[in-house]
Amino acid sequence: MSFLRNCWYVAAWADELNDGMLARTIIGDAVLFWRADNRLFAVADRCPHRLAPLSMGLVDGGTVRCGYHGLVFNGASGACTHNPHGSATSVLSIRTYLCLERHGIVWIWMGDPERADPDDVPAMSFIDNAGEHAFSKGYMYTAAGHKLLEDNILDLSHADYLHPDTLGGGSITRSRAKVEERGHTVFVRWFTSGEPAIPIFRPEMPDPMMQTDMWTEVVWHPNGVMILRVGATPLGRAPEQGIDTWNAHIMTPETLTTSHYFYCNSRNYKTDDAAYNAAMAAGLRTAFEQEDKPMIEAQQRALGDAELFDLKPALLAIDNGSTRARRIYQRLVADEAAASSQRV
Amino acid sequence: MSFLRNCWYVAAWADELNDGMLARTIIGDAVLFWRADNRLFAVADRCPHRLAPLSMGLVDGGTVRCGYHGLVFNGASGACTHNPHGSATSVLSIRTYLCLERHGIVWIWMGDPERADPDDVPAMSFIDNAGEHAFSKGYMYTAAGHKLLEDNILDLSHADYLHPDTLGGGSITRSRAKVEERGHTVFVRWFTSGEPAIPIFRPEMPDPMMQTDMWTEVVWHPNGVMILRVGATPLGRAPEQGIDTWNAHIMTPETLTTSHYFYCNSRNYKTDDAAYNAAMAAGLRTAFEQEDKPMIEAQQRALGDAELFDLKPALLAIDNGSTRARRIYQRLVADEAAASSQRV
Amino acid sequence: MSFLRNCWYVAAWADELNDGMLARTIIGDAVLFWRADNRLFAVADRCPHRLAPLSMGLVDGGTVRCGYHGLVFNGASGACTHNPHGSATSVLSIRTYLCLERHGIVWIWMGDPERADPDDVPAMSFIDNAGEHAFSKGYMYTAAGHKLLEDNILDLSHADYLHPDTLGGGSITRSRAKVEERGHTVFVRWFTSGEPAIPIFRPEMPDPMMQTDMWTEVVWHPNGVMILRVGATPLGRAPEQGIDTWNAHIMTPETLTTSHYFYCNSRNYKTDDAAYNAAMAAGLRTAFEQEDKPMIEAQQRALGDAELFDLKPALLAIDNGSTRARRIYQRLVADEAAASSQRV
């Protein structure tokens, strides 16, 4: 099993590049990122001369100089622009990757540059529109493969058991999920009517334990981007009268068994409340780092290098969304492999 | 080379279950142990749904609930008794293991349940009969295979070099061992007449350096249980007039190269002396943890994943007991493999 | 790819044996070294009985006693001189290695003893002749293969980028290296005329930034010993009127991907200045430990277990010396393999 290449991956939060270079491995490729003159650069983090990581060198505007023997490369074209020891021949060029910044995120295209279309970046305008005190985000390196992490979001019933006092409360389990494939995406929606809101929402209701209408929606994209809308309103009232949150959970593979986990949260209430915002950020971090991460890393350790489905796990109704996502991903990877072998 | 399955393994000291669940891997199987209502439970530590360790969940009486999606399993039958997301079908059952508590030890049967006979648990009534201040025990996780650890006990001449000031003194080396196979067990006996007792026994003699009769006996069982009797009496006196200790050294494989090492000691002298008992416990712990463990782990590192005998070590007379034990073990494993292939 | 065996390897600085035994793995062999009665001993660090490391035992004069079961071995012949458990047969002997002390270094011959000629030890009289305050040395365990480390010295242009404020300054890059094969050695010489000296030499010139003649010479030996002469004199003056340093950089393989790195430095100026000597020692240690080592270990991580040349790195003119050295080494190893198979 390998990775999908022709898609936009989330490489970093844009502000991760504010203090200089960032070295990060994406689907197995060591990549060096930096920003200069408001332009992003992403190149193979490996000098073609002696394999030294270019991230141990220096960037200067749009160029990077290897720290070992001084070769200089253009970050956009990959061409060697200066070889202090001879001519800068084309043999000395490095691979560059298309990248762009949108929604406060650095996106990288790992596949065939001719197939890259910036319009394929999933829309996340909620990030752009969120006020300073109505938004938080995080990055979590995780020793588990992207599929296990995506499974976790595509089956949010886990919140009732893993986060019972914050994000769960039993309502997701009681409401059966609606699952739809929409093109290459998977849409999952849970809806409950007549239950108290999930614990973190209760203080926002007129009466904490009152009956509500509550919705949770996930859209999964094959590049590991999942966008979640989670909200509640007093029973029978319009959604607009309730509270709503927009979230992203994004799993970018480092290797088959390790991932870069990016997450963020925005909301439509207490939007100027810095203290609440900080508490929300801390609470989510705790849930993801202390509850999700240990469980999923334990799953990965139990799996070792095996694929989950090769071990014939028992399938439940709640696996509908994740199973569909895994099939779509598998089909897309197979399509890429077929296209690649035809070209040869 | 694989493990013997049809035998009772020591899984834990019984009091290790006093504070809740215990997750421990036995001959490669991840097992979850707990006690409820005076009954022991041992089940596969892996949810059949997504392979999450059940030890990250909760036990309630004789059931365990997975911490990830809430499936509940009966610890005795392994049946799923509650699936919050659908019906609890037989596909959701988990493996359970026979286990029993005897001699303050949790025993587990890793093989065919129909062949399990509680009478096959090696008798260790000395544990039951030992007074509070005449008994100590310990557990030592060891990065070495069970065979190297069993070799160490089956050739106690090592005490003369590795523990010269406590358990050795040269007498074991000078007395040639008597070795007998008794069914599937190996019996080794050293006896010296006219030598001072081993260092830790000397203060118990009428005169520390006086001549004694001294005996050391080991009975090895294929499940890694070794029972030792070690004592001394002034030369020519009856054993009953001397001092005697009963000990167990038990090696339960975790993997081929790591082991659970359980040990205990009881004695027939100073049986009410709490301070002496504590000093004895500390002394034995030091010998095993600081002297035996580093040496045997170094052996394992030198071996890597190889079998000792594949590297053609030089055999000495002192290896008689361990060589016989290795052969019996190999034959029993081969018998199990043959029986298993006939059944298929 | 394997190691050259028929050569003298540097095992240790002689004073590393002043405080007792030294266990060190050389080209994959675990070896135990010690000195007694002004004689050196080097034996396989593995008891033939149970593979226990003899370095966990005790040396007594020219013998070593295994700490596990007391077998005693003669460090010169390897014969077992005492088996407390039976006769000391020839089957119990251990491998011994020829070794000798010269230039303050313990040398070991890992190959066929009949081919060992002490005259093949590279001459390093500069070590013997250096005054106490004109000499420093160090040892640096390095998680990189010996070839990458030798490449680093055979192409000193790296100093201009990795050590720009101390050992480099651009002059090595600007002067093209002269490379010669001399028998089984490789000689590389850089010479600049009219440039300021390298930074650490500038304070020693009549005027720091004055024009100089500057020389850097490396002689590489297939056993990983590289001898460097680096010096400078005011432009047009005789070398004898300038300053000169003699250095050794020695890479002894532990495994294919880890090395023992020994280095030393002597000089012809400020030879009685203890403070300067200490500052020079500290400066070199910083350069090697903080600048070279991280870069070369990063190269090795990028390589994994692959050979550099199998990944088709781009070759530059500066790789001339290292490429020749790699070819000579490869040829010598192939010759050894051929000779060994003929003998069989």
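Brief remarks follow.
Per-chain numbering from 1; labels A, B and C assigned in written order.
The criterion applied here is as follows: a residue touches a chain if its C-beta (ideal position, glycine included) is under 8 Å from a C-beta of that chain, and two chains touch if they have at least 3 such contacts.
Quick caveat: nothing in here was measured; it's all calculated off a predicted structure.
Superposing the C-alpha atoms of chain A onto chain B requires a rotation of 120 degrees, rounded to the nearest 5. At the interface between chain A and chain C, under half of the residue numbers appear on both sides, which makes the contact a different-residue one. Computed centre separation for the pair chain A/chain C is 48 angstrom, with centres defined by C-alpha atoms.
Not a single residue position of chain A touches two or more of the other chains. Those residues of chain A that touch chain C in the complex are listed here as 30, 46, 48-53, 56, 65-70, 83-86, 91-92.
The touching residues of chain B, when paired with chain C in their complex, are 151, 155, 157-158, 160-162, 173, 294-295, 298-299, 302-303, 308, 311, 313-314, 316-318.
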